[in-house]
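In what follows, subunit A forms one complex with subunit B and a second complex with subunit C.
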Partner chain A sequence: MQSKSKGPSLAWRFQRLLQIDAMNLVILIIGVYIVWSIISALIDNPARYLPSPIAVALSSVDMLYKGLLPSYFGDTLMRLISGSIIGLAVGIPFGLVLGINRTVADMFHPIMNFFQSVSGIAIFPIVVIWWGNSDKTIFAVILYTAFFPIAFNVLSGVREIPIRYISAARTLGASRFQVIKDVLLPGAMPHIATGSRLSIGFAWRAVIAGEMLAGQQGLGWMIFTGQDADRTAEVVLGMMLIGVTWIILDHYLLRPFEADTIERWGLVQR
Partner chain B sequence: MNAMTAKLVVEGLCHHYPDEYTGESVHALEDINLELYEGELVSVVGPSGCGKSTLLNILAGLLPYKVGKASVDGKVIEGPGPDRGVVFQEHAILPWRTVSRNIGHGLEIRGLPKEEISRRVQEYVDLVGLSGFEDKYPHELSGGMKQRCAVARTLCADPIVMLMDEPFAAVDAQTRITLQEELNRIALATKKTILFITHSVDEAAFLADRCLVFSARPGRLKQIVTVDIPREKRIWENMNADAEFIRCRDEILRLVREEVSVAIEE
Partner chain C sequence: MTTAVTALSTSIQRRIGRQKLRKFILGAIPFVFLLVIWQMNTAFEWLPPVFIPPMGDVFGAIITLQEDCIGLIGAITMHNSCSMTNNIFSSMGRVILAAVIGLPLGIAFGIIAGMNRTASKFLEPIGVFANSISGIAWIPLAIVWFGVGWLTTLFIMLNTIFWLMFFNSMLGVRGIAKVYEQSVLTMGGSRMDVIRHVYLPGAMPSIITGMRMSMGFGWRALIAAEMVGGDSGLGFMIFTASEEFKIEEVFLGVIIISIIFMATDRYFLAPLEKWTIERWGLVWKPT
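After this line comes the complex of A and B, so read on.
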């Protein structure tokens, strides 16, 4: 067993990720552009069914100029951020508290699993009945969507911590609080990382769906009204923004965080 | 021995527990009496299921008991505590802590100042031969190194009694021999009072001042074999020619085999 260095730093890996991505990205964008342009050129009435990339780009310039795009994008992003942060801030302690006592954990596990599987969209109608088509409704759906995956994952994470880790800490004299702080919380970290990523991913879908259904501005609103007004370029633009935003968020923020936690905990060895 | 003080005392300890699958009451321990004197290493051997691990869990305070009495330094055992350090079978060091943070965990729990902790951690890192690995995570260590880290963690918390539950059972044969010699060296250097559970007769004879042989279930103290070899002379190379070691080992082996055959006949 020779001594090896601590492993590549996060910054180094981040840089490499960027380099490889840059290459792949250029190839991918060119490929998509060509295929998309060809299809768009071959069909009848492309402005209605599938505007060319250039038409979409032009519409984005137009919307940028009018200030609509930054405003919609900002609305959507703010909803995602506030909903996710509050969802995680409530979900993590909740899962932890349920997980601390094994009997309580076993009892709540199926209930939490149930709610995590009922998507935000499925609860949308009932929330609309309560609060109508409002910002409150969208926020409630995002919060619901973000809360359950993280809470469920934290609960599972705490339950799966080997008892011998807890025993070891207790025989070192750890109090109940110290067991939570030194064993349960760090032991559940990989699940917290995975759960956060899931929660934010689901929340992102919920934001868009919520905006479409409750109609309170935002990217979801933009693609929904774009369809109504026969402005297909805006619809495509909105879809692209939704996808690209998620890829950037996931690739440069959520995935590295998850991978780093899992690797440090020794669950995956490079 | 009489001049020494008993650090760990067990009197009339009995234990039953319900079987995990059938729910039937299992009689694990029957009227256990033992004393561990200061600086003594006592090994416990017996056939599988003789309750030796149950005994250790009770002494560690992880398993409540109803019948009998167990105490450390006159204090009755009622739960886990830093006066009894435990080295578990395997994989009980925390995977998200580095070697030095694992070793210092007990002192951290006690709230000692950082400088004090790092000074004492370094002492035990050196003692168990983990110098240069202080900042490694457990998954970067071999099985033997993990157990060294576990031993150092327990020692560093400075317990009155160290309880070891088959700590070397999961490592390969070569490493096991090295770890046994190292534990012998550590026992000599630290004069710790140690209770060492094992199913290996060789290991029990090599390490013990006294070896307690347990009977098949329910576990009873069948016989005590005293191993009268100075620690300085305990090196595996010498043991094959050491008449006292061979006598003790054969005696322990004979006693254990009697119990194994009893267990099989049942």
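After this line comes the complex of A and C, so read on.
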């Protein structure tokens, strides 16, 4: 197997990112800015209902100056990264193990389906009774939400591998471990990539919701307390940060990763 | 006796199908195992009942919550004392209302954006941005705008499903080969004909998939919104119950939430999606 990647290089991708409809984006941002300013100028009490873009920018400067923004941002990101890494590290082997045996897979499919439809946020009230308003609670919610999509995807990825590949490897004298390493893992790779993206996406929502509900410092907490303390500018700022962070994460990290993986491993011929 | 059992088992096998039966029985094993563990926990008290309530208490919570509820009529008329059914109905009502308003709006805007390149150039980035501010992040602002209550939760759900729907129908319309549109126009069809006979059927699989996805995300967002900024509904019910440390009510609520979601997804949205893809999905694509 050659490890040379055929996908576009990182530098090329970065260049394209700069070119893509940059003009359009600028026009759009200016347009949104104007509409937003006009609306916030027209309504009563804009500081409460819709602060002007300038007010939001000023509040960001203020929070940067106090050092709150980087610390909140870092907290949230740390939770997301550690939570999703642990979730993936647990979920991938779990799905793999379940997927190896068809009977076991059939056995666990329905119960995983059931627990997946209990959304992570709904689990929050239970966890909060167990551990109170702590970091532990948020982590439990993040892990719960991140675990199921990836485990589920790996499970179905492994099950979709045609049985004859496994048989062929076995016939040629491969051990159980070699089958996992050379057949199951590469075969499930596209599903692993898709599942990871899904998992991290769900985990991101869970981080925000968990911080709001459990009252631990972070972006979710920032927008929630901002609303409590009548600092709507901070709320809007937090929302924009949440949106921008996710766009960067999703479009420039996770999606290319998924596309590359599918390109590299996905062309399994039937 | 044994012959009767074998006859029964073969007749069951014949009616349901061997494979299906096998899957059903296999799938039931972990559930039974879990219930047994749960029951054993109650019996041996590994974890105190404050953390894991006895199974009986969870079902007992139905009775506690529905106390003084005058039968079915009371539940339907949403009498004050039927708090469980009231919360279920108010969540479901919001889901239905949001679906009725949000889905057609999202589809309409999506088709417009898919039809028109210039419109989509401006609407697409907005859509990307709005989709990535997940529904939950809107909750504080929604509380500022609408206060705690019905409108906030409805807004969160609408917001979530509208943008997902918008995006999916836009992508669906974009995926249709230009040839179809051009042939309808050549044969003298109007703009309306193109929408009715080309865009809508062509984008149908994508629209229905988007519908299923948006209902899933919307339901999750709704539960979160009810917890933070609602005054009724299942999310509100479990959140207030957990604040009062009534863990049996929380368990009950969580089970109801997942059953409602699974039932709508399994028996309504998934078959609908499958049917649509079978009916409309195999659109020939010129190469």
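Note that in this section the second predicted complex is superposed on the first by the 241 of 270 C-alpha atoms of A that agree within 3 Å, B and C clash if a C-alpha of one lies under 4 Å from a C-alpha of the other, contacts with A are read in each partner's own complex, and residues count from 1 in each chain.
Convention: a residue touches a chain if its C-beta (ideal position, glycine included) is under 8 Å from a C-beta of that chain, and two chains touch if they have at least 3 such contacts.
It should be emphasised that the depicted structure is a prediction, and the values quoted were computed from it without experimental measurement.
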| item | value |
| --- | --- |
| First (subunit B), second (subunit C), both or neither touched by A:173 | first |
| Partner chain in contact with A:164 - subunit B first, subunit C second, else both or neither | first |
| First (subunit B), second (subunit C), both or neither touched by A:89 | neither |
| First (subunit B), second (subunit C), both or neither touched by A:118 | second |
| Comparing the two partners subunit B and subunit C, which touches a greater set of residues in subunit A | C |
| First, second, both or neither for A:57, with subunit B first and subunit C second | neither |
| Complex interface listing, subunit B residues touching subunit A | 60-62, 79-82, 84-86, 88, 91-97, 105-106, 108-110, 132-133, 135-142, 145, 153, 157 |
| Residues of subunit A touching subunit C in the complex | 21, 24-25, 27-28, 31-32, 48-49, 103, 106-111, 113-115, 117-119, 121-126, 128-130, 204-205, 208-209, 212-213, 220, 223-224, 226-227, 232, 235-236, 238-240, 242-244, 246-247, 250-251 |
| Subunit C residues within the subunit A interface of the complex | 22-23, 26-31, 34, 50-51, 121-122, 125-126, 128-130, 132-134, 136-141, 143-145, 219-220, 223-224, 227-228, 235, 238-239, 241-242, 245, 247, 250-251, 253-254, 257-258, 261-262, 265 |
| Subunit B-touching residues of subunit A, taken from the complex the two chains share | 1, 3-4, 6, 162, 164-165, 167-175, 178, 182-183, 186-187, 189, 264-266, 269 |
